[in-house]
Amino acid sequence: MSTDKRITLQQAAEIVKNGSSLTFSGFTIWRRPVAVVYELIRQQKRGLHLIEVNGGPQTEFLVGAGCVDIWESCWVGHELYGKYGANLSRKVGKKEILVEDYSHAEMLFRFTAAAMGAPYAVTQTSLGTDIHNPEYDVLGRAGKRDGKRIGKQKYVYTDDPFFDAGPQVLIPAAKVDVAILCVQQVGEEGTVRISGQLYSDTEVARAADITIVVAEEIVPESYLRRDADHNTISSFEVDYIVECPFGAHPTGMFGKYDVDGAFLKDFFTNTRTQEGFDAFAKEWIFGLDHIGYLEKLGWSRMLNLRANTALNYKPRR
Amino acid sequence: MSNYASPEEYGLADLLCCAASRQVRDNEIVFAGTGLPMVAIMLAQKTHAPNLKLIFEAGTLDGRPPELPTSVGDARCETGASRSTGLFDTFSIAQRGYVDLGYLGGAEIDQYGNVNTTCIGNYLEPDLRLTGSGGNPDINSFARRTVFIMVHEKRRFVEHVSYITSPGWRVRKWPGGEWVHRRELYGAAFRGGPSAVISTAGVFGFDQEDGHMYLETYHPGKTVDEIRDLCQFDLDVSRVKGETEPPTKEELYFIHDVLDPDEIFIPKVKKA
Amino acid sequence: MSTDKRITLQQAAEIVKNGSSLTFSGFTIWRRPVAVVYELIRQQKRGLHLIEVNGGPQTEFLVGAGCVDIWESCWVGHELYGKYGANLSRKVGKKEILVEDYSHAEMLFRFTAAAMGAPYAVTQTSLGTDIHNPEYDVLGRAGKRDGKRIGKQKYVYTDDPFFDAGPQVLIPAAKVDVAILCVQQVGEEGTVRISGQLYSDTEVARAADITIVVAEEIVPESYLRRDADHNTISSFEVDYIVECPFGAHPTGMFGKYDVDGAFLKDFFTNTRTQEGFDAFAKEWIFGLDHIGYLEKLGWSRMLNLRANTALNYKPRR
Amino acid sequence: MSNYASPEEYGLADLLCCAASRQVRDNEIVFAGTGLPMVAIMLAQKTHAPNLKLIFEAGTLDGRPPELPTSVGDARCETGASRSTGLFDTFSIAQRGYVDLGYLGGAEIDQYGNVNTTCIGNYLEPDLRLTGSGGNPDINSFARRTVFIMVHEKRRFVEHVSYITSPGWRVRKWPGGEWVHRRELYGAAFRGGPSAVISTAGVFGFDQEDGHMYLETYHPGKTVDEIRDLCQFDLDVSRVKGETEPPTKEELYFIHDVLDPDEIFIPKVKKA
């Protein structure tokens, strides 16, 4: 069967058009498709609309490089390696980016709704907070709520007509053009097997119109299909696949490599100014390809991040 | 809980960690955030609450990591867990009402326990954009009790937070924005709310009827007046029980020799 | 840790009170907790409210024995061994049971909503059918819609306020007192590992207030926790566990044993009359315990159903 | 599609199975029901549509069972699948719009393709309660095309079905119950509807504008008039193309020697 879905990193980035809405696999500083994100920056994408269950280094790279016009999410930072998203923070202050805040569970349920083919989800989280403050509907204020990709309303406040279960908040499905995932294994027909925590990967893969999977390795479909109940995403939900070892660096990958904390700390420190980010991007993104990037990182650094395959992480001692 | 450590044997982070740990009861289901709360819960697991069930937001259920994770998405969370899955499960379980206790943090807090982790200044033109909500309002909405761990500075214990990220005992009813008691707004979905604040100055409780914060214990070396001065609102000090219980030697052993020997979240006290 | 959740089959059945609402694991003629169902019949439960994603032999046993007052579901039969549910059909005709029809997807989404802690789900299935005919709200007509365990309405017809995605039908969460599951493995603390198709087991386990797991074997928790990403239901979602080999017979169990088609065919034939059912129950249910039942089935019959462990089913040739 | 079998080499079930199989196009995502449809789809997979993706409602995605399952929940469904999961995934995928084609059955059908599998007679006091809907209305609501396979008897091809279990091209708009075109009711959720009925007498299509059923081909040995007489409604026979294409020898080989050698769903023709 000629169903090989393999493309290159460059081709993967080309699928994302200026103005596309985009989301990613992973959680904060784990399993982010950073190799593709670098390539998006090299290809100088503009006007991206990021819709993320939560943000992380990938957000900060794209925002710092000026690729992003709208960010809808709930959190951005580098965990203990950088306590907030300094690029985003700076650009929000300068009104160079629109930020729409939902809570973490709301973002997750928005993607779940989209993945279920429902136009909205019903939740009871964050009642009484400013997240629900109608004055703070940033996309509404900016006139972006066209009812096509962006819902006509940020929230609908309603009640439960069945059980009087308390106030319900309806939240629009997260409709995204492209999801880019970074995982351990994918088969040539698209079947994905993720090890460790799944984060919100199954939801974002199904919610997106186009799903691209970047994997540490492409393995035979027949191998994955020997244990169908260990697989995470089905073949036909994946449109393109890319083999790219260490494609999540500097974020971590369960069973493969840990987070490169020193790299993130250095990146965070640089992002405190635009000049700092630009210098960092000049050094680590532009003029390099993925192999060049790995060469620059060097063997010693990468071997030091390597997960012990019995433990699935790099033990500290 | 005898065998207390002497003041020179522990630091402020140790005290906070132990105070936080003591909020857990055995057999409870606990939602753990990244950082000091993680150590606190794992400390409880090693001491008085061996059967607590730990949920990491990123997707691990009933986790027992042998090596301290650096965040809830860490590969270390999976080891020994009952189930490794994703946010759909953790948040569904939380909304379904399984969670007894959650640990959270914040940049600002008001007297009703409303917490801000989103921005300083006007939300639409912020002086400083912070990380954003994360799961703070979610855990706080779904759990029966939440414990906030905070740095105690006067600029953080405020009359009104810049942005209510996480709901306290008196909250705003949208779309109008009237201030109402949390119980009134949540209706049948009401399960509880912030039950304690553990700051770098003391431990605080909340009056669940009118929703205001009160001082419960002051940390060794702090005074009630000092703590009152560290709040922009008028702190209720009428219910003070005394000094915060110090760490025990056993707790310090677990924190520094077992759970966080590399001082990822809890620094060791440098001996003179 | 003294967290052993083990009970006996008899104790499991005792947890189900007269008038309880009840649901099960499995799908049509696979992985149904029949050993407990037999015990419920022996204990002469009355007034049960079955809420099932789909029905099967377990439904027909309970309905035939007069245990059930209300059945909410979408389907009952024995697949190719009996083309409909003859006990249910007879009792509906005689108005001895209330049947509330939802579609299959609706039943699934109703359980999903309950498992997510939402009071209702939003769907777009079955529009224009008589399933949505307000005249056919059987529980409403019977005055059962108290808004407590049974929603105040069968459906709410509404629109999508976000994307004009077409008419939306709101369906009440499936609130059940007890879920009884029949699976391959459970750990002593409650962690469940299901092999093969999961059907709607994760949803029903989480939706129910009390979850009882009947397993072919109770295995060490530590064994299951070595591969946390292969597990299906988490420890704290399970309240009680029972070890009961062949507990699903005559329904099948992936990897363990096939459906006993001859048994089902014989059962179905008998259920065409109440007298037939009663005779069948007298022979196969009353006066037996689980071991007595297996003895009566005999070694030859059971060995003949045994799945090949490499294939997970009994090959036909 | 040359090398047709001669009439004595195949039975009616073979003809239906092959006609059903030919409704699939390569690369399509197909929702398979229990019984003959399963054999039909697996036959397509072996012949003209090797890249079709098969979904079994009970939880297997992109399945390729080497031995015929007896129902969609069968252990045999899992072998070789891309993913073995549950109904939450299969129905979410369907509602999300992935499914091109579904195969269904029914006890009664009307001229607009409304199908009944629930009861005969008044729903509230039925003469005969049947199995119920199962996933029939769901697959039919979510897929772009659905094919119904039915026994052709006059009591089954009716003016009005006792109960609309599965929606055809003209359906009822609740809560009022007005008859409207499916496209009008479904709005943005409209994806298609019943595209063919394969009965024991012929193959039928639907006019997507006014929604009525028409005869497309009659099975070998049947006549147009005979088929018209087997319908209680006025069957449109103005578009008949001719006789239903018979099975090929290759298809019969796959049905009887590979897919269903044990005659679970498709009996072999007894040679004289």
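We call the chains A, B, C and D, going by the order they appear; numbering starts again at 1 in every chain.
By our rule, a residue touches a chain if its C-beta (ideal position, glycine included) is under 8 Å from a C-beta of that chain, and two chains touch if they have at least 3 such contacts.
Computed from a prediction, not measured in an experiment: that's the story for all the values here.
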item	value
Chain labels contacting chain B and also chain C	A
Interchain centroid distance [CA atoms averaged], chain A/chain C, Å	38
Intercentroid distance (Cα basis), chain D paired with chain B, Å	57
Chain centre separation in whole Å, for chain D relative to chain C (CA means)	27
For chain A, residues contacting two or more additional chains	109, 116-118, 123-124, 163-165, 196, 198, 229
Chain D residues counted as touching two or more neighbouring chains	60, 78-79, 84-85, 94-95, 142
Which chain pairs touch, all of them	A-B, A-C, A-D, B-C, C-D
Interface residues, chain A side, partner chain B - complex	26-30, 53-55, 73-77, 79-80, 83-85, 88-89, 92-93, 95, 99, 101, 103-106, 108-109, 112, 123-136, 138, 141, 155, 157, 163-167, 196-203, 252, 254-255, 258-259, 261, 307, 311-313, 315-317
Chain D residues touching chain C - in the complex, by the definition given at the top	34-35, 56-60, 67, 70-79, 84-88, 91, 94-95, 114, 118-119, 123-138, 141-142, 163-167, 171-175, 177, 180, 182, 185-190, 261-262, 264-265
List of chain C residues in touch with chain B within their complex	1, 3, 114-118, 187, 189-191, 206, 221, 224-225, 228-229, 231-237
Chain C - residues contacting chain A, complex	109, 113, 116-124, 147-148, 151-153, 156, 160-165, 168, 170, 172-173, 175, 194-198, 229-230
Residue ranges of chain D in contact with chain A within the complex	29, 50-51, 53, 60-62, 64, 78-85, 89, 92-98, 142
